[in-house]
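Letters A, B, C and D mark the chains in the order given here, with residues in each chain numbered from 1 onward.
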């Protein structure tokens, strides 16, 4: 159950309503967004919700009360019917345009990231990706360039006019990374890192949240709820493959999650065919399939020389392949009534 | 390692070659197809293959010898580079056209199957599906109409000019079912039913082989190999969803298997978005995605009144939905250079 | 809902009751066991069951009516509270004794099977296993000796006094295999081969039913129900590992299924640590764990020379290892109040 | 490849060796443990290792050089043959005694934790568990008492003489939690939270590392390696169930991981049958099975009133059940040559 406050509600109003809810025996979660303040009522049983809604709607500065059956509230379609559009420096994610984000797995040096950024821009890519902090399965693998990587990524974004997205691993780094990026990425290994979700939920930057490699769709939306419930309503979901018994691909890309999540949630959802398949040969087919399934965007690994990449070379497209793919994607987007 | 015989090779030639191979210490598998006779050499190690190939190629009536590294031989791209096209009464599967097969889960009665068949034909569907023998998880569920169902299905096919496909469960029924159908279907629960695979491998009918719900791509191609190695080279593969931890959909449709199988095998591959998702709401998106991924066809459950279906109503489209979907699919097929 | 008939119920009584049930709009399944005839009522909704039970209990020759909520009826604890004991030529499965079945994966020749049988007998094994019809993933792998294998297996059983268990793959072979074996085994790949389940359900031999490698516990009990509902009430369940993302073992042995099934069903349940792990090094630990978890027995692969086995050598114990293990198992059985 | 330094090696020696290794073109990882300093050589190919080992062994202050083929080094049996024993205030984990850790999921208040601690002590439990920071799937669920919870847990440990173990979620809390606990727990959701692993790797406290719910055994050992490579060599592994298709239990307890990990690693491994099954009815059977499989300990949820627990009540034993179980476990431990 969610209480939406009127636009002119004051801090005092918020406190009064919270006190009222607590006095009735329920918990509260206050989410102060840029536009709206929302109070989540926690612990109400289904049969109590009708009476409770009436009690609360009569309060001063309550705009409306929305009963929600799902365990996630602010992420649900019940709470918000229209689809959320997220504007990142003029690039709109969740609208009619399919947004392609691209770039190398890791930022390796200034030259390669500039070269890649220009090629992505030229091929109609809209957002530049690149990792500076890398979560690696082995402590002995290349862990990224850190702040140095953030700087050159940010520089490449500015020179090409492309907004950038990069991963943050540690709640202590959120402030630092926020200075250099336009979108904060939470990787698959951190989808259940609740302190990190809470920390990015307190920023004003859009968050690209990747599905945990063994998380259900419900758990995925609850992870988004951690961010939303801290007041950051700009969450972009990303399907990137789940772990199954099948080992001939790196993961099993669960494209059905795209229409399913669009049914359950108002948040935009994009697809990562590079991690989802683990082999560049399979990326173009699955990129096209993702758009046909209704995805709001793609995030694709592109590297000028995949053979020499410090990480994930096997799943990276080179630049000519990316250019060809972008032309093919344009046709598929049009076939399903969208544009690239 | 596979020995391809010349077109004029006689029974005697076949025997002579087999004897030669056995005398060298290897096993043989003879696959007499309509066009070619092929002898598989079993048990040769990689390092022996070159010398062995030379010995065998010098034999009378040997056209060529192909070393194959995969555990499946006749299903592999190494054995046959060009993609296999299967002609079913004029409908070609594996060519440029994407072939849509549709119909109810179970044949329930004459009226419903006739109604559905006409609607499928009108909407540009090419093949009529319908179950007469149903493999049900519970012994107490509706098990299909049996031969009575085959008769009305066959009749509906004839009246509309649509070839039909129906499942066979029992090796003892292969002959019976073959009298009524144009394509024999092996269901997901029987992908490792080797006596059944062997039996359909001895017929001259095309076989639609569904992937086992927990089989790897390699096991899937080895199941096809059971059929191919008995001399029936007309196998159509079908991805229909695998079992994973995710339970918000009935299965997890593994669309990446489509481009992967096209890389590994020359056999056509189609997709079943109805079983793959388990909910009709998700079928259109995944049907479009399957075509964008490169599938050679689709098999879709359509029922005039899904609410009253004796099985699988929740995943069946009604007729108007199917018509709308076919128009959308046509556009996606064109976007990837194919037609419907 | 299950109707249990009195012991003196005649064929006519059965028919009368079936007619009555059908006239009320429900389906029937008649299961004529050796001791009891049972009629399953199919399609009754929960809210109708109370009234229906009263109507049926008043009928002549109805002993009692048992409402059952689970989808499986005769396999459920609701239907039969006391645990089922199955007597195979004096060896009781499901009683206080833990029963160890052992032998080679495949029957390879008379000498090896005799040697193994004597060693198993000497080490206190109670039942001899061995495969004559082998379901192999590749059509080119050794498929078993067929009837020849059955003969030598049966002979080894007779000479040592051990009952034998062997797999049947094809409904057409049930009669043949029944002539040579004391227990019919249904392998994991055939758990959803319903014609085969139906066929063994019509015999009078105990059936060892292995869990499908991706079947849920509910589906496993429904597969048992196929056999039980045909009148054969002597089903022994076997947990043998399920397919998961973890590939460092051949399968993931789901030992929790043992106490869970004992809660849900009255049927005995044994464990196969050989297939469940795929490596002989892990077999002893998991055999002990299975008994500690409450298993009613074990089925273990033993081969005189695992290095030379025609199938599954990597997971076979040699004879001295088996002897040592049997001594260890005896202690664990005693620790949980049972004997070996 | 791992270089073990002599006990009297100085900081300067370490630097010299590192420089030498880098000059040969490889990376280094220095792990300064309490007893030994170890330098990992990163990037050496198998064929280079022999020559490299000779070059390095001749260096001053190098005790020995150990070539290691596994991706994890310090966690491997190749690096350390004898099994690691971890002494926590006199309780030894990894020795002949099986160590039972028990307590409530969450610390709820002082009274309940004191009551539970005394009961655990009386029943021969050796370590007290209890959560103060709780990682919950929903942001609206009870998140634990925080520092207040740590205080009462620590107090209960002191009064009963039981060492305590509690979870830490956030790298920023490691210092705080370390003040109150004897063992730091990393939960399943944080197994791939590398900044957190790194932070606990810098403490001197033993770490209880739970397997990620979808991590392979190799990834599990690599997560341990993150801790070990920071110089903290006291890692206790914990199998707690993996995510599979089977939903009749909360997770699938992978007991085979116990003997497998003991083969691959020298680290002690314990089992959590409470989370592994999710239902208290199944806990006793799986606790016994874990000990029979060779586990070095157990961690069990015990609550004085499971019906009223703020989290995980369904999988908690009450106190009498725990007492009964401890008696049963003693017998199983003895049957496999250990004591409780």
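The rule is simple: contacts are C-beta pairs under 8 Å (C-beta built on N, C-alpha and C of every residue); 3 or more make two chains touch, one makes a residue touch a chain.
Keep in mind that what you see is a predicted model, and the values were worked out from it rather than measured.
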Q.
If I rank C-D and B-D by number of C-beta contact pairs, which comes first?
A. C-D
Q.
Centre to centre, using CA atoms, which chain is the farthest one from chain C?
A. A
Q.
If I compare contact pairs by residue number, which of A-C, A-B or B-C overlaps with A-D on over half of them?
A. B-C
Q: Report the inter-chain centroid distance for chain C and chain D in whole angstrom, where each centroid is the mean of the CA atoms.
A: 38
Q: Take the average of all CA coordinates in chain B, do the same for chain C, and state the distance between these two points in whole angstrom.
A: 32
**Q.** chain B and chain D, separation of their C-alpha mean positions in angstrom
**A.** 49
Q) On chain B, where are the residues touching two or more other chains? A) 214, 243-245, 247
Q) Of all residues in chain C, which touch chain A in the complex? A) 214, 243-245, 247
(Q) Considering only the defined contacts, which chain D positions touch chain C in the complex? (A) 214, 216-218, 242, 244-249, 252-260, 263, 276-277, 281-282, 285-286, 288-294, 328, 331-332, 334-336
Q: Provide the residue numbers of chain D that touch chain A in the complex, in ascending order.
A: 27, 29, 40, 42, 71-73, 135-140, 169-172, 189-190, 192-195, 213-214, 219, 222, 225-226, 229, 243
